[in-house]
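What follows are several structures.
Below, subunit A partners subunit B and then partners subunit C, in two separate complexes.
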Partner chain A sequence: MLLLLTLFLPLVFALLTYLSGNRFAKYIALLGGLVVFTCCSFLKLALVHNNLAPLVFVHDWISNPHISFALNIDGLSLTLVALTAFLVPLIIFTTFRKEIENAKAFYSLVMLMEFGLLGVFMASDGFLFYIFWELALIPIYFIALLWGENKDAAFRHRAIFKFFVYTLAGSLFMLLAFIYVYQIAGSFSASTLYSLNLTDKEQSVLFWAFFLAFAIKIPVFPFHTWQPDTYKESPSAGTMLLAGIMLKMGLYALLRWLLPVVPHGVMLWTPVVMVLAVIGVIYGSVIAIKQDDLKKLLAYSSFAHVGLITAGIFTLTHEGFQGAVVQMFAHGFNVVGLFFAAEIIFQRTGTLSISQLGGIRTVAPKFATCFMIVVLASVALPTTNAFIGEFLLLYGLYEYNTWLSVIAGLTIILGAVYMLRMYQNVMLGETNSLTANFEDLNWKELTVFVFLIIGIFEIGLVPSQFMNMVQPSLDLILNYSLR
Partner chain B sequence: MNYLLVIILLPLFGFLINAFIGKKLPKTISGIIGSGTILVSFVLSSVFFLGFLNGTQQKIDVDVYDWIAFGDFKITFGLLLDQLSVMWLMVITGVGFLIHVYSMGYMHEDEKFHNFFSYLNLFIFFMLLLVLGNNFLVTFIGWEGVGLCSYLLIGFWFKNQDYNNAAKKAFVMNRIGDLGFLIGMFLLLYNFHSLHFGTIQTALGTIQVSHATIVAITMLLFVGAMGKSAQLPLYTWLPDAMAGPTPVSALIHAATMVTAGIYMIARAHFLYLLAPETMQFIAVIGAATALFAATIGVFQNDIKKVLAYSTVSQLGLMFMALGIGAFTSGVFHVVTHAFFKACLFLGSGSVIHALHGEQDIRKMGGLRKWMPITFITFLLSSLAISGIFPFAGFFSKDEILAAAYEHNKVLWAVASFASFLTAFYMFRLVFLTFTGDFRGTEEQKHHLHESPSVITFPLIVLALLAVVGGFMGLPEVFHAKHFLKEFLNPVFAQATQAGGEMGAHETNSSIEIMLMSIASILAVVAIAIAYVMYVSRKRIPAKDGEQYGIGKIIYNKYYVDEIYNALVVKPILVLSELAHDVLDRTFVDGIVNWSGKFSLMAGAQVRKIQNGSIGFYLLFMVVSIVAIFAFVFLKN
Partner chain C sequence: MNTLIYTSALGLLCMLAEMANLRKLILPIAVAGLCVIFGLNVTDWGKNGAYYHNMVVTDNFSVAFSGLLLLLGIFITLLAGNFYKNEESKISDYLAIIIFTLCGALALVSFGNLAMFFLGIEVLSISLYILAGSKKKDVRSNEAGMKYFLMGSFASGILLFGVALIYGETGSFDLGAISNYASATHPSVLFYAGAGMILISMLFKVSAAPFHFWAPDVYEGSPTLTTAMMATIAKIAAFAAFYRLFSHAFISVFPPYAWVFTAVTALTITIGNFTALNQDSFKRMLAFSGISHAGYLMLGIISLYGKTDNAIFFYSFAYGISSMAAFAIAIVVAMNLGSEKIEAFNGLGKRKPFLAAALTIAMLSMAGIPPLAGFFGKYYIFSEAIRNGHLWITVVAVINSIVSVYYYMKVVLAMYTKDSVETAFTLKPAYSFVIGFCILLLFLAGIFPGLLTGLL
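Right, the complex of A and B next:
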C-alpha cells in the first residue's frame, strides 16, 4: 500500500498543483515533494524492517497480453526513489526566487515527471516500466521546450525536439525487445525475464535493442550529442531534473533490465561497451576543458562521469556495482549543486559565458564556499561522496582490466583541470562590470546548498549503511548476470 | 586512542570556528584559536612522544569505524601511532604551532585573516590524518586533503590570476601523482585484500605475490610521492607555489606537506625493501633532483624561489637516502630540514615584510643593520643547511652522504656536489640580502625595521633547533648514542636486519671522518667563494634579460615549464577544441542529424504511397496478405 501511495502521490499533487492556480502552485508542489519524501522515508523503514527483502505490490492489470501492475522496492530501487524524492522538492525550491510564467503548468509538469521517474524505479513489470519510461519523457520535453530561457527560440526548439525524437527512437527498440521476450516468456515480469533461457544469438541482438535505448538516455558515447544543447537550452530546473535524476533511468535500467535478462549478450558485447564508456570518460573530460558556456561544460563533465558509471556496471564486480550505485546517488547531488550554481550566476549576471565572468568570490563569499565544496565533490576529493563512488568504480574497472582503469583514471586529473579552470575564471580574479554587484546567497539558496553539502559529506564519510542496504539487491542482480 | 583523536580533531575544530564565525571575531581571538588548538595538539603529541621515549607508550593501531564496507569488502577508518608517526606528529604540531604564531604577526593587515587561520588549521588536520592513518586510504584522505589546502593557500590572494594559476598547477600536478598512488592502492587491494599497513606487512610472508607486482606497486606509490614531494619530473609546481603567503611556504611547502612522500615510503618500507629496482630508481631520481634543483637555485634572484629550489633539492637528498635504504637518515634529514628551512622561509618573510613585498635580492643588501635578529637566525639556519659542523644539517646530511658513499660512489659524488652548490647559493643569498649596501629605494630604506616579537620569537626557536637539532643523531665515530636510530628501530627493524639500513655505524670510522672532512671543506669553500664574489667584489646578479649562455638557460629554469607547456598543455587545449568542433559537432552529431534527415526523407517517400487511391490500397493489402501466408507456409 505504501508503495502505491508513494507512487501515486506525485500524480495527485500534479493535479492539485494545477488546480491551485499560478500563485500557490509552487507551494503545493513543494508540499507534494516533501510528502513524497516522507513516504520514501517510511519505505526505507519498511525495507529495513523487512530485513532488506524486497517490498512488492502486484495487481493483475491486463490479462491478455499479460501485463501486471507490479511494483518492487529493494535496496537498489529505494536508492533511486530516495534520490528522486530528495531532489525533486529541492529542485522545486531552487525556483522559488524566480517568477515563472504559467506556474501551475510548470510545477504540475514537475510533479508529473516525479510520478514517471518513481514509476520507472519501482516497476517490476517490463511493460509497466516501458510506460513509465516514456511517461517521464513527456513532462521534461514540455518543460525544456516552453520554459527555456535562451532567446534563440528556433534553436531551442530544434535542440529539444532532437532530444525528444532521439530518445523516443531509442525506446522503440526497447519496446520491440520487450515484445520479443514476452512472446517467449508469456510475461513481462522481471523475475520471469531473469530466468529465461534465450539462445546466445537472441541475446546478442536483444542486447543492442535494450542497450540502445538505455545508452541514448545515459548517454554513452557516441549517443550523447543531444545532451549539451538540451542541457544548455532547458531552464535550470529542467536541467537538474535531466542530469540529476533522469539520466539515472538509463543506468538503473542497465542493472535492472539488461544485465540479468541477457547475460550472455552482455558477456559478448562487454568489451565494446567498455571501450565506448571509457572513450566517453576521456572524450567528455577533454572537451570540457575548453568549453566557454558553463552549462555546456557541466554537460560534458556529467557525460564523462556517467561514462565511468557505465563502465563500472559492466565490470560485473561487486565493487563496480556498488561504485556505480554510490556514484549515481552522488552524481545526482553534485550535478544539481553545479547547475544550481550556474543558475544563480545566470540570474544575477545574465550570462553563462565563463570568459565574461570573474571575481565573484570577492563579493559573494558564501556562494564561493558552497560552489567550491560542490566542485571539490565533483572532482572526487576524499571525504566527499564522489570519492567513494570513483574509488570503487575505478577499482572495479581495475579488476576487469588494468589499462582501462588507468585510462579512465585520467579523469581525476582532467576533472581537476576543467573544474578548477572553470572555478578560477568564474569566481576568482578581479570583479568586472557584470560581477561587481553580485549579490551573495539568500537564505533560500543557502538552504539548498546546505542540504546538498550535508548529503555530500554523509555519503563521503559514512557510506557503509547505504551500501549495506543496496548490497542484497546487487548480489541478486550479479548472480543473474553471471549465470 | 581518545587523546589521539583529540590531537587530530582539535585543528578541525579550530578550522570550523574560524570558517563559520571567524569573520565576527577580533583578529587576535581568531589567531589565538588557530594557534591554540595546534599548541594543545602539540602538548598532547609531546606526551605521546615522551611515552615512546621512555618505553611506556605502546604502538597504537585502532580502527575507529568501518568506512567503506559492504559484503566482503571492507576498508576501515583507522589510526596508527608509532615511533615514525610520532616524529612527524612532533614536527607538524611543533613547527606548525610556531608558524601559526608567526602568521598572527605576518598576516595581521590582511582582511581575510580568519580565512587564513581556518585554512592553516584545516591543513594541520589533514596532515595529521596523513601521518596517523593506519591504512593507505586514510593516508590518502590526508594526502589529497593537504593538496586541497595547499591549493587554497597558494591562491590565498585570489584576485591575482597568476597566483590562481600557480595554485591550480600545484593541484593538477599533485593529481598526476595521485593517480599513481591510486592505481598502486588498487594493486595492493587486489593482491592483499587489504590496505592496512600492518596486515600487508604480515601478509607479505604468507601471500605469494610476484616480484613484478611488488615493483609495480612500489613504483606507482613513488609516482604519488614524486608529485607530492616535488621530484623530477613533477617538481615545477613547487617553485610556483611560492605565490602563497610566506608562512604557507614555510609550513606546507618546506617543513611538512612536501615531506609526505618521504613519510609514505618510509611507512611502506617493507614493500620497498622487496623491490631493489624501485629503490635504485628512487635513489637516482632523488640524486638527480638534488643536483638539478641546486643548479637552478644558484641562478635565482627571488629570495623565496632560491629557497623553493633548495627545498626541492633537499627533498631529493632525502629520497636518495630512502633509495639506498637509509630510512632513518632520510627521516633525520626531514626533521632537521623542517627546522632550518622553516626558519629560512620565515626569515625571508620577515625581510619581505620589512621591504613591503620586495622579493628580489638584487634590490636588498645590508639588512643586517636594521634586522639583527632576522639576520642571525637566517645565518644560523644557512650554516645548518650548508652542513657546517656542529649545526643540525651537518649530522643529517653527513649520514646520507656516508650511506651514499657505501652504496654507490657516483650517488655520493652527485650529492656532494649538490651540497656544495647548496652552501654556495645559500650564502649568496645571505650576503646579497644582509651585507653590503642597501640597494632598494629611499622610501623602503626609510621604513626598514626589525619585525615585531611575534615574528622574531618563532625565528629564534627555530634557529635554536637548527643549531642543536642534529644532536639527536650523533654519528658513531663520536662514540655517542644515535638517539634517532634507536628510537625508530622498532619501525625499521626489518630494514636493519635485512642489512638495507646502512647508517653511519656500519661505515669504517676513518672513512667516515674522511667523508665528513670532504663535506665540510666543500661547504667552507663554497661559502668562501660566495664571500669573495658577493662581499669582497660586491657583485650583483645580472638584470633580467642581460643574462647569457648557460646562466640564462639556468636562470630560466632550463625552460622546463615552457617545454611542458609546448608538449602537454598546448596539445591538450588544441585537442579539446578539435574534439568539440570537429569530432563532436561535425562528425558524431552530423551522423545523428543525417539519420534524422534520412528518416524525414524516407517519410516523404512513403507518404507518396498513401495517395488516396482505394484501388492501390486494396492491391497493397492483397499482396501483403499473400506474402504473409507464403511466409508462414514456407516456414512450416
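Right, the complex of A and C next:
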C-alpha cells in the first residue's frame, strides 16, 4: 500500500498543482515533493523492518498479454527512489526565486516527471517499466522545450527535438527486445526474466536492443551527442532533473534489466562496452577542459562521470556495483549543486562564459564556499560522497583490468584540472564589470546548498549504512549476472 | 444482422426527412438512432448467427467492428451538423449519404458471401465518391471525387474479375464453401489468380503501397469531414473485410502470396512515413501517416494465420479514435483560420490550450507513446508479428515508428513554440464533446487495454 501511495502521490499532486492556478502552483508542488519524500522515509523504515527483504506489490493488470502491475522496493530501488524524492522538492525550491510563465503547467509537469521516474525505479514488470520509462520522457521534453531560456529558440527546438527522437529511438528497440523475451517467457516479471535460458545468439542480439536504449539515456560514448546541447538549452530545473535523476534511469536499468536478463550477451560484449565507456571518460574530460561555456563544461563532466559508472557496472564485481550505486547517488547531489551554481551565476551576470567571469569570491563569500564544496565533491576529494564512489569504481575496474583502471583513473586528474580551473576563472581573481555587483546567496538559495552539502558529507563520512542497505539486492543481481 | 438493417432504415429515413420537412430535427434523430443501433449491436454480443443463406454473418468479430464503426459514425454525424451549416437545406442528404457509407462499412465487417462483400465495398465507395466531390464549386473537391471514382471503379473492376474467377473455379460465392474447396482439392491457377486480383483491389482500398497514389490527393481535396470518414470508417472496414476474407476463405492461398504481403507491408510503412515527413498540409500529412498506419495493420494481416484479429481490432480502435480527434481539430482550425497548413496551428497552445493539448495527445497516441491507446496498439501488433515469426519486418516497422515521431511532433512544435496572429476563435460544443470523448477513450484504452484485448 505504501508503495502505491508513494508512486501515485506525485500524479495526484500533478493534478492538484495544475488546478491550483499559477499563483499557488509552486507551493503545492513543493508540498507534494515533501509529502513524497516523507513517504519515501517510511519506505526505508519498512524495508529495514523487513530485514531488507524486498517490499512488493503485485496486482493483475492486463490478462492478455499477461502484464501485472508489479512494484518492488529493494535496496537498489530505494536508493534511487530516495534520490528522486529528495532532489525533486529541492529542484522545485531552486525555482522559487524567479517568476515562471504558466507556472501551473510547469510545476505539474515536474510532478508528472517525478511520477514517471518513481515508476521506473519501482517497476518489477518489464512492460510497466517500459511505460514509465516513456512516460518520464514526455514531461521533460515539454519542460525543456517550452521553458528553455536561450534566446535562439530555433536552435533550442532542434536540440530538444534531437534529444526526444534519440531517446525514443533507443527505447523502441528495448520494446522490441521485451516483446521478444515475452514470447519465450510468457511473462514480463523480472524474476521470470532472470531465470530465462536464452541461447547465446539470442542474448548477443538482445543485448544491443536493450543496451542501445540505456546507453542513449546514460549517455555512453558514442550515443551522447544529444546531451551537451540539451543540458545547455533546458531551463536549469530541467537540466537538474535530466542530469541529476533521469540519466540514472539508464544506469539503474543496466543493473536491473540488462545484466541479469542476458548475462551471456553481457559477457560477450563487455570488452566493447568497457572500451566505449573508458573512451567516454577520457573524451568527456578532454572536451570539458576546452569548454568556455559553464553549462556545457558541466555537461561534459557529467558525461565523463557516467562513463566511469558504466564501466564499473560492467566489471561485474561487488566493488564495481557498490561504487556504481554510491556514485549514482553522489552524482545526483553534486550535479544538481553544480547546475544550481551555474544557474545563480547566469541569473546575476547574464552570462555563462567562463572567460568573462572572475572575482565573485570577493563579493559573495557564502556562494564561494558552497560552490567550492560542491566542486571538491565532484572531483572526489576524500570525505566527500564521490570519493567513496570513484574509489570503489576504480577498484572494481582494477580487478577487471589494470590498464583500463589506469586510463579511467585519469578522470580524477583531468576532473580536478577542469573543475578547479573553472572555479579559479569564475570565482577567483579580480572582479570585473559583470561580477562587481554579484549579490551573495539569499536564504532560499543557501537552504538548497545546505541540504546538498549535508548529503555530500553524510555519504562521504558514513557510507557503511547506505552500502549495507543496497548490498543484498546487488548480490542478487550479481548472482544472476554471473550465471 | 439487425445492425445493418436498422442502419439502412435510418439512412432512408434521413432521405425521406427532406420531404417531410424535418430538416431541423434530422440531426438529433440520426445521432439518437445511431446510439440506439449501437446499443442493439452490443446486445448481439456472443450470439453467433448466419442470415439469408449465410449472406450476413453475426459473430463477435462483426459485433466488435460494427461497434467501433458505429461509434465513429456517431462522431462523424455529430460533427456534420456544424460542418454543413452553410448548406443547411441539404443536411438530410449529407446525413443520408454518411449513414449509407456506414451501411457499406457494416456489411464489410459481417459478410459471409463474396456477393455481400462486393455489395458492401460498392455501397461504401459510391457514397464516398459522392461525398468527396460534394463541394461542387471547389475544383479540388471535384478533382478528388473524379480521381477517387476513376481509380476506385478500376479497383472494383479488378475485384469483380477476381470474384468471377473464384466463382468459376469453386462454383460458389460462400466463404465457407470456397475455403472447403481450397483445402479439399488442389486449386488450379485460376483460383490463385482470382485471389491475387481480390488482394490487389483490397490493397487499393486500404491504400497500401504501391496502390496508394490516390490517397493523398483525394484526402487533401475532399471536404475534411469526408477525409475523416475515409481515414477512419472506410479504412477500418476495409481492413476488417481484408482479415475476414483471407482468414475465412483464402487461408490456403496465403503461403504463395506471403512474399507479396511482406513486401507490401514494408513498402507501405516506409513510403507513408518518409513522404509524410515533408508535408506542409496537415491533411496531407495525415493522409500519408494513414498510409503508414495501413502498413502497421498489414503486419496484422501477414500473420493472420496466428489469429491476429484482436490485435487488428485494437490497432484500428486506437488509430480510428486518434484520427477522429485529429480531424475534428483540423476542421475547427480550418473553419476559424481558413487554412489546412501546419502553420495554421501556430500558437494554438496559447489561444486554445484544450485543443492543443487534445491534438498533442492524439499525435502522441499515433506515434505510439505510452500510456495512450496507440502505444498499446503498436505493442500488440508488433508482438503478434514477432510471435508469428516476422521479426525483420517488425524491425522495419520499429524504425519507421521512430521516423514518424518527427512529423507528429512537428505539429506539436508549431502549436507550442510558434507565435500566431490573434483571431477570434469559436469552438462548438459538439466539437468539444467529440474531441474530449476521443481523448478520454485514448487514455482509457491505453491504461486499461484489458477492456479490449480479451474481446475476440
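We adopt the following convention: the second predicted complex is superposed on the first by the 483 of 483 C-alpha atoms of A that agree within 3 Å, B and C clash if a C-alpha of one lies under 4 Å from a C-alpha of the other, contacts with A are read in each partner's own complex, and residues count from 1 in each chain.
Criterion: a contact is a pair of C-beta atoms (placed from the backbone, for glycine too) under 8 Å apart; a residue touches a chain by one contact, two chains touch by 3 or more.
Everything numeric in this text was worked out from a predicted model, so none of it was measured.
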>> What does the overlay on subunit A give for subunit B and subunit C, a clash or a fit?
In response: clash
>> One more residue to check, A:F340. First (subunit B), second (subunit C), both or neither?
In response: neither
>> I'd like to know which partner A:V165 touches here: subunit B for first, subunit C for second, both or neither.
In response: both
> Between subunit B (first) and subunit C (second), which, if any, makes contact with A:L176: first, second, both or neither?
Replying inline: second
> According to the contact criterion defined above, which of subunit B and subunit C contacts more residues of subunit A?
Replying inline: B
>> Looking at A:S63, would you say it contacts subunit B, subunit C, both, or neither? Reply first, second, both or neither.
In response: second
>> Between subunit B and subunit C, whom does A:Y231 touch in the aligned arrangement: first, second, both, or neither?
In response: neither
> Given the touch rule stated above, what does A:M467 touch, subunit B (first), subunit C (second), both, or neither?
Replying inline: first
> Is A:L135 in contact with subunit B, with subunit C, with both, or with neither (first, second, both, neither)?
Replying inline: second
> Is A:Y107 in contact with subunit B, with subunit C, with both, or with neither (first, second, both, neither)?
Replying inline: neither
>> Taking the superposition on A as described, I'd like to know which of subunit B and subunit C A:Y18 touches: first, second, both or neither.
In response: neither
> Which subunit A residues lie in the overlap of the subunit B contact set and the subunit C contact set?
Replying inline: 165
> Once bound in the complex, which stretches of subunit A touch subunit C?
Replying inline: 61-65, 130-131, 134-135, 137-138, 142, 145-146, 153, 157, 161, 164-165, 168-169, 172-173, 175-176, 179-180, 182-183
> What does subunit A use to touch subunit B in their complex?
Replying inline: 162, 165-166, 222, 224-226, 283, 286-291, 318-319, 322, 359, 361-362, 376, 381-383, 388, 391-392, 394-395, 398-399, 402, 405-406, 409-410, 412-413, 416-417, 420-421, 424, 428-430, 461-464, 467-468, 470-471, 475
> Within the complex, which stretch of subunit B touches subunit A?
Replying inline: 65-73, 137, 140-141, 144-145, 148, 151, 155, 158-161, 164-165, 168, 171-172, 175-176, 178-179, 182-183, 186, 189-190, 572-573, 575-577, 579-580, 583-585, 588-589, 591-593, 596
> Taking the complex as given, what residues does subunit C use to touch subunit A?
Replying inline: 364, 369-371, 375, 379-380, 382-383, 386-387, 391, 394-395, 398, 401-402, 405-406, 409, 413, 416-417, 448-450, 453-454
